[in-house]
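Right, I'll just put the structure down here and ask away after.
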Amino acid sequence: MHKDFNYRDKIPVAVLGATGNVGQKFVELLASHPWFELTAVAASDKSVGRPYREAVNWIMSTPLPKEIGDLQVQACKPGLPAQLIFSALDSSVAGEIEIQFAQAGNVVLSNASNHRQDADVPLLVPEVNSDHLQLLDQIKKEHKGCIVTNPNCVVVALVMALKPLVQNFGVEAMRVVTMQAVSGAGYPGVPSLDILDNVIPYIANEEEKVATEPLKILGNVEQQQIKPYSMKISAQCNRVPVTDGHMASLSIKLKGKTSLNEIKEMWRDFEGEPQLLDLPSAPKYPLVYFDEERYPQPKMHRQLGKGMSVALGRLKECPVLDYQFVLLSHNTIRGAAGSAILNAELMVKRGFIFW
Amino acid sequence: MHKDFNYRDKIPVAVLGATGNVGQKFVELLASHPWFELTAVAASDKSVGRPYREAVNWIMSTPLPKEIGDLQVQACKPGLPAQLIFSALDSSVAGEIEIQFAQAGNVVLSNASNHRQDADVPLLVPEVNSDHLQLLDQIKKEHKGCIVTNPNCVVVALVMALKPLVQNFGVEAMRVVTMQAVSGAGYPGVPSLDILDNVIPYIANEEEKVATEPLKILGNVEQQQIKPYSMKISAQCNRVPVTDGHMASLSIKLKGKTSLNEIKEMWRDFEGEPQLLDLPSAPKYPLVYFDEERYPQPKMHRQLGKGMSVALGRLKECPVLDYQFVLLSHNTIRGAAGSAILNAELMVKRGFIFW
Amino acid sequence: MHKDFNYRDKIPVAVLGATGNVGQKFVELLASHPWFELTAVAASDKSVGRPYREAVNWIMSTPLPKEIGDLQVQACKPGLPAQLIFSALDSSVAGEIEIQFAQAGNVVLSNASNHRQDADVPLLVPEVNSDHLQLLDQIKKEHKGCIVTNPNCVVVALVMALKPLVQNFGVEAMRVVTMQAVSGAGYPGVPSLDILDNVIPYIANEEEKVATEPLKILGNVEQQQIKPYSMKISAQCNRVPVTDGHMASLSIKLKGKTSLNEIKEMWRDFEGEPQLLDLPSAPKYPLVYFDEERYPQPKMHRQLGKGMSVALGRLKECPVLDYQFVLLSHNTIRGAAGSAILNAELMVKRGFIFW
Amino acid sequence: MHKDFNYRDKIPVAVLGATGNVGQKFVELLASHPWFELTAVAASDKSVGRPYREAVNWIMSTPLPKEIGDLQVQACKPGLPAQLIFSALDSSVAGEIEIQFAQAGNVVLSNASNHRQDADVPLLVPEVNSDHLQLLDQIKKEHKGCIVTNPNCVVVALVMALKPLVQNFGVEAMRVVTMQAVSGAGYPGVPSLDILDNVIPYIANEEEKVATEPLKILGNVEQQQIKPYSMKISAQCNRVPVTDGHMASLSIKLKGKTSLNEIKEMWRDFEGEPQLLDLPSAPKYPLVYFDEERYPQPKMHRQLGKGMSVALGRLKECPVLDYQFVLLSHNTIRGAAGSAILNAELMVKRGFIFW
């Protein structure tokens, strides 16, 4: 048991960048978490010292719990009353701060992009590559701190849909066009004048992340290093006037032969370690395939599995590549805060957390 | 000169299906047309006999001209006081009615899908395949009636962007994902409960049209018949909460080698017969390429060239096929009524119309 | 105990007009109801005989429960396997059908406007006028059927906010301007072309309902008749591009003197019979007043109290009348299906239902 | 003729705050102005020295003219090559800067709220109170600089609708509820996460402006001072998901008797000095009353009179006050840049400008 913390029924956790959009989603999800207790919220200097209630412009649709509103906002510096740290920091500042926390012995679950490609940092999707935690074997043995990242909001859903295909046939190429919700840009994020009655065919750095992150996630660990998966990815990313829920229209080329029905079955049967371990945030069905030709849709399906399931539909043969389909997931839950929390749950089970 | 019509300064024209969304767009565009005079509006039985003003639920953003509001709605039957007929009829009724008008000697410019694949009906985009009017050489000689169609709202823009590439290198394959405005579904069309804060990944019959119509349009006339162009097309069509302006994210595979700059130049230099003939509805620049990475956008660019230009942007190399880019056009102007009017202007110049 | 029904753990209920927007909301709310079991869904002829799953275009954001999807749609005729009938019928057909059910011995909880002003039909808001059930004393004694209506979606919220003021001071006049969600118009309802990027300053018959229904609801029962409350009401009703949640900006003139704080206290302390009886659908706080100047907002607060609370805010002195404030409620829950279910729960407690 | 300026065919003008939303609207409207030539654009330090094309995030739907894009952005300091200065500065900085320009001899047409209530500054709506320019008689005689303001975006429309009623009967009280477009908050302004699928019942300082500015505008000049009009005003201001066009639902109490028809006639006949002088930006019909019960609507009518007309509709008797109606105007044209330009045109005619 870690000496810095008193025993509690729940594991104390802290959120960095707690006033932003993803930060608030962390707070909302943690407020009712069966294992974790939010003991500290940290944010930038202008919020430090104020009650969270006043420092935050709360935009979640569930009310801010009173006891969390009462927490005094702390600075983003090591020494917070929790070993387990969720980082919703902006990538402009996350890089350095997260390292400081890891060096101070914290386990940092980061939603920022800064360390996703670091050689010793797992880019974790528990249903897909829980074996990548091997990278931290030595760190765990030595009870040191570390950083574990979750991928870009679109990428989580992509790799979950690809995983059974990669396992069974191999995927040679993917063309993906996204239609992404405004909550993906944080708060204040996208100005309403830019997006009402409009589509913006550009999201800074997004196409690059979609083209590279899946390769690490789908890669294999060989001699304590990740050997990236080999496939061609091309992406075009659009912002659309939707509050929550990223859609993608995609097409893939497989290395082997299969059929529409076989793919649908693999998706419906898909499950990973979170389901086997029955982790609190694990959706019963990680992938939900709809036969209705009008589905999935953001407004109707983003809350599937409490926002942790990925919805799929419209699988057809593609005259240019092999198969085309449509995919949807909740970008601030499965695509951000929810994924980081699921990562944390897995790490608790694996013995990384002491309290 | 055709005997049925008295000489006028302007050519008399009529609109079938004048109360619908595309019908209203025809009326709006024709109201200020330099060559054409709207002399009759026709619609379904429940409107016949009423002043157009009362029969229509006018949803255009320019006021309905008084003299057109006064027109009494007529039945969709041959005998209207115009040789030149614009059809905005729904495809559920257009098939038979358009044939009746053609057989009665009318030149029917149709926006409906029914006759687009008929062997003797040009599927016309004047900048792209004005030579397809050859199909009507005999009909013209005999002063008979005919049907000329314009393509699906997305397809017009696609073939305009593809044309210079087809001419110079050949196109082997195209993967296109569309984000289409609600006005494309007519009126009342898409219920607001379906589309506010949402994306619908399905539009009935749309993917089929996008996959087939370009082949006819880009084909060659050989022995009075059209030999379809040979290329692979795969399409995924989405409805988004935008009023007007269809976007597409696409990727293409070429038969020859080129460069980003060469493609941009070809697009910027592209012009066709409407530009050479200086037709009233011809945009000065049929294709407008933007270097700004956030462009094109529906709200900002759908009115380019009075809604008749196609906006392009974000050309990049594609890791899966060869090149990817983004495209936008106004779906009820270039994608429907405006295109039919441009077709009519070309046919006037080519001597099809007598008045 | 009523002879027509076998004993069950739950009370069997049926929904008329089950395929529409409010009908679906009934089905969604009843699916998890602790007292009621949905045993029949009825709709118009074109749906009769089909499984509900196929007859309905399900647009709720929770999945349709399998066993309800399996129900065969029945005709809207007396004889359904339930004494308790929820009517989501359109007012074009509700009038006659609801009478038939009542005459056949059913207790009909109607969301339609047809019978709201009938002398022997309570227009019920349980927190406000549960004493109006007296109107049915004789009917109850004789174990006959009856109709009980809930008010117009805006009116429910208005009378709940007014009730404590009426009780304590009397209200002389009210000016109300509404901003109403599209779900209030049913499905397909408002075309997206009409409402995207727009406001429509007109909703058919709505201003009349807002001006008259509160008078009956706030009236007193004298000699088995309702004496309407006397106050002046003027209303202007607008449709706005919001999915769910009706807002109203209003101003009132009181008959007595009070203060901002006193009014806020009365609202916060307000409760009625549903709270005292702890009815399943009763919100703990029927009225929730927010001190934040940006609240209430549809997206954030429509789900308060599971959609059964009314949110209030921005109370200020009004230079023209006395006090102005803002009000929000979920139009298809508290404003329709949820209110009818709360009415039914009260009637069960009062002994109207036999099963 | 003013010594600092060479003679030109057009009057040179400059825009302060040219990169913001209203600043861009000034640039767009001035680009094609028959009397004025935009010779300088000024903005904050971070833009100074850069070509306007690069300094601005151009969000207008007409393309930025090349020659204006080439202008180098200047600092907001006196000495710009124009006597006539349009100020689109934010109120946080406009106060001091506008005074500096006026003291340096410039005629400043300001859209900011800072000086609207200054005793020697006209709050001008040319159709309503062009006589208020008397305040500047002495300044004009001495060829000095001055500030002339246009009102808050909602207020312009309100006073135009009220003017004929004030003149003919007197207005005792007004209750107004607004539904305002997001462009009224500037750029970036309202975050999309705040307003998609939502209404915000609060706009900072707006209700105060609506309650006070009409009193000055409708006041009389007595002994070179404005005696405010006496009437009670109460306002509630809401932000709605509309790009352009402010709506208002209002009710008024008159001092005299009239009829629905008489009011409609007065509105339809209403014109002021801009119409008599045929100023370039003057709409032919300042007030347009619609009999259609669904009108006016932002999407359909905000461009009436090139955005300079005010649309009215739904006049009815009000049970609480006397008459209620609905009103719409384009908030960045008639409500901001267009009004300032119309003010400038009037001042040119009145001999304030030398060039």
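Letters are used for the chains, namely A, B, C and D, taken in the order the chains are written, and counting of residues starts over at 1 for each.
By our rule, a residue touches a chain if its C-beta (ideal position, glycine included) is under 8 Å from a C-beta of that chain, and two chains touch if they have at least 3 such contacts.
Computed from a predicted model, the values in this text were never measured in an experiment.
Contacts with subunit A and subunit B are shared by C, D. The chain with its Cα centroid farthest from the Cα centroid of subunit D is A. Rounded to a whole number, the gap between the C-alpha centres of subunit C and subunit D is 43 angstrom. Rounded to whole angstrom units, the spacing between the C-alpha centres of subunit B and subunit D is 40. Averaged C-alpha coordinates give centres for subunit B and subunit C that are 47 Å from one another. Contacts with at least two other chains are made by residues 59, 196-197, 241-243, 299-300 of subunit D. The residues of subunit D lying in touch with subunit C in their complex are 173-175, 177, 179, 196-202, 211, 232-234, 236, 238, 240-243, 247, 249, 251, 253, 293-300, 313-314, 318-321, 324, 326. Contact residues on subunit A toward subunit C in their complex (touch as defined above): 59-63, 196-197, 243, 299-301, 303.
The residues of subunit A lying in touch with subunit D in their complex are 21, 59, 182-183, 187-197, 241-243.
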